[in-house]
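Notes for the one structure printed next.
Chain lettering (A, B, C, D and E) follows the sequence in which the chains are written, and residue indices restart at 1 in each chain.
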Amino acid sequence: MNKDIKNLVADIKSRFELVGEDYPKDDQAALDFNSRDIHSVLAYVKSQGFRQLSILSCVDWIKDNQFQLVYIVFNWETGIRLQVRTRIDRSNPKFTTVTSIYPGAKYYERDVHEFFGVEFEGNPDSYKQLFLENWDDMPPLRKDFDSKAYSDRKYPVREYAADFSKAGDKK
Amino acid sequence: MITGILTGFGILLFAFVWQTSLDGINRKIVGRFQKRIGPKWYQQFRDIFKALSKTGVTHGWVFDFGVMMALGGIMATVMFLPVVGYSAFPGMDNFFIFVYLLAVGMLGMAMSSVGSGNPLAGIGVMRALTQMVGYEVPFMIVILGIIFGHNTSSLSELAAIQQASGIMTWNLVKMPIGTVVAYISLLGMLGKKPFETFIAPAEIASGPMVEYGGKQLGMLMIMHEFATFIEVTLFVTLFLGGATTLFGFIAKYFVVYILASLISNALARFKIDQVIKFYYKVPITLAIVQALMVVFLGWGV
Amino acid sequence: MDKKSILAPFKGWKYLFKKPVTVAMDDIFKNPRESQDNYRGFHINDWAKCIGCGTCSEVCPTNAITMVERSDVADEEGSKPERPVIDYGRCCFCALCVDICTSGSLSLTKEYLLNSSDPEDFYYMPTEKGITGKPIKLGYVKDETSDLLDLERKHMEHVGEDERKGSFIEIVRGFSKEQAIAEASRCVACEICTKTCPAHMNIPEYIRSVWNDNLSEGVDYLYKTNPLPSVCGRICTHKCEGACAISQRGDAVAIRWLKRYIVDNVPDDEYEKVVLSQVSKKGDGKVAIVGSGSAGLSAAYYLSTLGYEVDVYERKAQAGGPMRYGAPKYRLPDDITNRDISFIEKLGVKIHTNTDVGKDITMDKLKSTHDAVFIATGYPDTRPLNIPGVDNKDVIMAMPFLADSADFERGSAKMPEIKEKVVVIGSGNVAFDVARTLVRLQNMKYGKSDVMMAALENRQQIPADIEEIEEGTEEGIKFNLACGPQKIVVDEKTGNVKGVEVCECTQLFDENHRFNPQFDFDARQVLEADQVYLAIGQMPDFTYIPDEVQSQMQIERGKIKTNKNGQVAGVPWLFAGGDIIKGMDIINGVANGHDAAIGIDEYLRKNKKKS
Amino acid sequence: MDNTVEKQENIRKGWDGISRFFRANSIWMLMYCTGCCAIELPQAMTSRYDMERLGMGPMATPRQADVLLITGYLSLKTLRRIIYAYEQMSTPKYLVAFGPCTLNGGIYYDSHAVINRLDQYLPIDVYIAGCMPKPEAVMNGFNDLIGMIKRKEANGWKKYEQNKDWYRKNQIQALGELRIKDEFHE
Amino acid sequence: MKEIKLFLGPQHPGMHGNASVHMYVEGDIIKRSYLLPGMLHRGFEKSMERRTWMNNIALIPRICVPEPDTNEMVYAMNIEALAKIKVPERAHWIRMIILELARLSAHLMAFGGIGGPTGLYTAMYWAQADRDRILTIFEEITGHRVYHMYIVAGGVRKDLPKGIENKILDFLNDLESRLPEYEDLVLNNPTVRARTVDNILLPAEVVWELGVTGIGMRSATGQEYDIRKVAPYARYEKVDFKVPTATYSDAQTRMTLKYQEMYQSINIIKQAIDMMPGGKVRAKVADGSALRWRVPAGQVYSAVEASRGEYGYYTVSDGNTMPYRVAVRGASFPQGLLGVEKYMPGHRIDDAPLWFDTMGICSPEIDR
């Protein structure tokens, strides 16, 4: 593990309550926080050089009935990447926007809202449809959504007439 | 009278066949520039007739009538054009007649495409008119200089004056600055890049043409061929001394048109404000210089 | 505007005078250009190689491949009569099917042209001929790097030969969890093995259970068709592995060891729960089973799960037949057999040991006290060899020897008489059992071994398993192959055996592949030995069956004719199974026992309806 | 009487033949990249394969185009726009479908956003196999289309007009409603 | 003046890919604009959860069509990080060659693509013809022109074919000698410069606000913000190359940087061919057949420098045969959505296609 990361994590630990940590790569740390801390954590890491929000994503942990929000931030000076993660309740998924800290999060939040149904308070646009049009089912990236079944129901599949079971058929 | 009309139709037919063939050849040459082979030389004929064979869509009578008016106006213009000494209406080949007759055709087109209701067509027409203002002013200044210098506005007479003693009496040699200005204006008239702004497929999806399909498109393509023929012939007559033989005409025409097209394919297109700025900066200055030389110094007469 | 660059764009006009880079029309339409090597075009499938395993269909990320059963392809061992059909309305030309193809029959060609207005044209069964019918050039073919199968079997740890040849310690240590999961993950679940297995065990399913680390589910699958999984997990002849699709190009999946891994690693209480949960319904009736070998025990298990009362009669002191008295303990420890049998007994099966049917109790008696009788007495006797000198006391039959030795191993008898230099005649699995047992006994007794195997077959023809040969060689067995024993050389003075005289066997099978040994009688030699063991085959013993019953039966070359459920032709109340009707191994017995249970159930229910 | 009818018929036939000749040799395609197969179209159009030799060229608007290229998968959102575009084209019009996605869903057969078979919604004249088709295959596909036009077989547009109800029904089944206001996202 | 609504796309010659910009214009000036994405939405992230780790190799290149290899690379990097696989040395170098060839091809396409918005179609014709040669090289190495499915977890799928090095070098030398012609035709072309110089600015503050990466970022900040330098992957730390930067980002600067990067790519490939060791090219991902590969549980994000910027995948594994979740960060997501909404207004409609083009927006990676 990178020495910079060690210092950084120690620093963050001294300021915030760290729920869990993981180091998937040499230059990457995955840190779990309580959801109430996320904004202050992001504001802090941004002041520490993590000026870029690479992506905001969501993972559906359906067994735990939780959504995990993942903010991946990057420090272009040191090349260190942080996954700032938190879990929120899946049955009433609500979170507060981080657009005041990372304005670029606006459309990522819309994306997460569209595909997982997480609502971001303070981002008025996040409720609008973006990629989908006339969508008539649950948010499609949730684990309990079966895209195959949806496709079968909505889009007919071709049935070929050719029968290859006997010799002499066209090959 | 009858021979006149027949000559007129002859010129029409010649104009169409020649310009359309040349367009095909042009596509081949441009293809070469782009490192490819290009289509057959008669591809342009196929395109036009294909378009005519398709059904059209109408957007109201203004739309349909405008197309007819555009084509009719242009065809009438061509019939007035003296080509290699032939003329349907001798003595009626005053330069200003063409300026006005051309406007009829353009007006028809503008009317029609605005009638389609597509905003892109509207933008295209607006740009076309703006651009027209751009290139017409320097062009007119140069032409006025020529008319002033030669004391006639008849095309055949202007041609005859230039043919007096070979290449040395061509306006190209006598008024090189004016020729350059006129050529730049010709690029604008022909809609060649960098003055392709009013068509601009990537911005306004071919502008005025956006709503045309099928028969109307075919007619517009024919109209475009005729308009090109008029514009290039005017240039050939005014600056390259016209032509006494068909071959001479074809050769001059070929050079003028192909050069325009090659220039066009090596350049990008201007924005409409840049077009106006450009015309009102360089060509208009040159044109005025040229006119001053003609009027006050008597150069080029 | 930069004055210098105003003419820059026109430099490109030089291409007006250069040759265009365009591809000629003829190269596109008339003779389309050939693709580069490696191109992933349309499929071809070499039907001679294809085994119809369907792995391509399994791996396809687009679900484009359907396996279609062909009526003109023979349904053979080690293959399925199915061939892939490809839907080019799905295929994305990723070539994963090629990379994973078990037999290497699928490849992609360089063809890339297929246009049509008829969607049916895009549904295609690849053969050796390409889709366009033009001469084919191969495009993408798999190589070692791109192969997606794991062709190497996970190493199974063995006890070293030095340690093992002096004792009857079990040789194979068994898989650890990691090894087992790794080995299970090599399986592609093609189910070809299921067809080959005589008992049609649910092999892919229990391998998947191993892979998912859900062993009690695995036990459940095992007991569906085999009540002796612990035994079979050790000494099964594993025909399945011969048919395994992976063995087309690599090592077969270690199906037997995986089975063993399951039964070894499920705790007894959980095991018992699974086994006992198999009981399905209450049948009504009593069935006698003669012989407690694999067929007998299998029938007993399935009959009692069906609710029948079952009595098993065993001549010897312990149930299990060849599992007890045949297989040496280094291959099959006794407690393993005990375990399987104990679960069968827990179902309520009564096993009467030391009860010799025909002597202690007659068949008629059995018939009168039971509704049906199932005989599975196996091949208990060794086939004799008719050469001079075999009647010597130092010429020993394999089966009795193995039984004695087994008793010695479990401590219930003393060591059989073993001499220092022995020859074993035969090269089957039994012969190896004898020879390797002898190695151990000699080592225990003398601290060294001298065992020579003499057989008609040469190296390639030896019918025993390859592991037996390898391990036997490691343990120090010497071979004298391709020789026919002519006589036992006996010291005339002492009457002791001095050796075996053999001559060279020049040919074993004739051109019709029939057994027809030819000898070169001039090439003789004498293999010195103090003792000679005969292990050239076994034979049945039907003396316990009364003559009037026997006369109704059809017995051909030691096999009783039955229908597919083991019902003896001509004697409806009598069912038979195991070696006496088919095959010569444990798993066939298990299968026969299972079938017979079904047959007996049907027979009894029919009878009941009548009465 | 019969004579004039016959004459008219002959004239019609003759005109038909001539127009087919022109139509076959001048095919303008609509520049609409619906999916990934479109990435090989620039190759086919530009110097290396020079599609203009077949008389084909890109056109800016559906009105001018003769052939609509469905270059690969169609998401529902695109399908809606494709239907608009197709219905705007002036007849005769043709439709060429690229790749497996248009035939039976291709790799997106289980996707919630991509349709499976295009011929449910629009009539197709030529399918081109390959994921994605090489430029040569594309060119050959167009060559087939040219042959079909010459032989009077490219009649997808007629089929569409005759069976419009059926197509409309399918379109609505997939799309909900055909025309929607697309300001919903702004 | 009345505000009218114009559509740039989805069917529009000036549009790259299948997306639509809704523009509200007054006169020629764009007052408001929004990107309507989703025309290419295929639900990749969902489909990937339904396919095994290996099978996804067929799916992922499709997320970004002009430069599919970056997808394969990040996906493979994630699996390697989760499963702690050590990639053979040679594979690293082959990957680098492939990635740089892909960058060249994408840059050529984008560089020629400037022909669309400006009307300089000749550039497009030339660039595509040169690009075709790269595709032929790809066809020989990987088996397909566009979707290579070549970089797989653990290395690459097959070793390089024999003699391909010379073909690549021939091509590179040829391209190097041709690049000045592009410079003359496009970069030095006064009419192109009239459109691009001092037009479509991208100040550094905007870069940070939106999260723009790649050439956009480097042309505005003047820093070598290139993942190949900042957090090297493959063997970029072992080759010698420069990252062109600038401090004033207009359309011309970004095109120039693209042009200079082509030289750097050529340079990297040449070095890689020179320094590439022999040996194996693929390490095992997991035991067993590809149908049964499991990747240990974990959550990891990897990114590479694509031609348009930071291209990353966030991969979550729950230890099973299929990914639990894959999230894709399209390199042009920030400028494509937020950028169009916030910073396209104010430009003329003539500039809208050029804006789209020089910002390096690729719609399939936005839609996914």
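Heads up, the rule we're going with is that a residue touches a chain if its C-beta (ideal position, glycine included) is under 8 Å from a C-beta of that chain, and two chains touch if they have at least 3 such contacts.
Everything quoted here is computed from the prediction, not taken from an experiment.
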With one step meaning two chains touch, work out the least steps from subunit A to subunit E. 1
Partner chains shared by subunit B and subunit E (touch criterion as defined above): C, D
By CA centroids, point me to the most central chain in this structure. E
Chain centres computed over CA atoms; the one at greatest distance from subunit A is chain B
Report the chain whose mean Cα position is at the greatest distance from that of subunit E. C
Chain centre separation in whole Å, for subunit C relative to subunit B (CA means): 89
Per the C-alpha centroid definition, the whole-Å distance linking subunit A and subunit C comes out as 50
Gap in Å, rounded to a whole number, between the CA centres of subunit D and subunit A: 39
Using the touch definition from the top, which residues of subunit E touch two or more other chains? 12-13, 38, 41, 43, 46-47, 50, 58-59, 122, 125-126, 129, 147, 185, 189, 191, 194, 367
Give me the residues of subunit C that touch two or more other chains. 9, 12, 20-22, 35, 61-62, 87, 89, 92-93, 119
Residue numbers in subunit A touching two or more further chains are 130-133, 140, 145, 147-148, 158
So the touching chain pairs work out to A-C, A-D, A-E, B-C, B-D, B-E, C-D, C-E, D-E
Listed in rising order, subunit B residues that touch subunit C in their complex are 29, 31-37, 262-263, 266-267
Give every residue of subunit C touching subunit A within the complex, in rising order. 68-72, 83, 85, 87, 89, 119-120, 123-127, 129
Listed in rising order, subunit A residues that touch subunit D in their complex are 128-134, 136-137, 140, 145, 147-148, 150-151, 154-158
If we count contacts the way the header does, which residues on subunit A are in touch with subunit C in the complex? 158, 160-162, 164-167, 169, 171
Subunit D residues touching subunit C in their complex are 47-50, 53, 100, 103-107, 109-110, 117, 119, 124-131, 133-134, 136-137, 139-141, 143-144, 148, 153
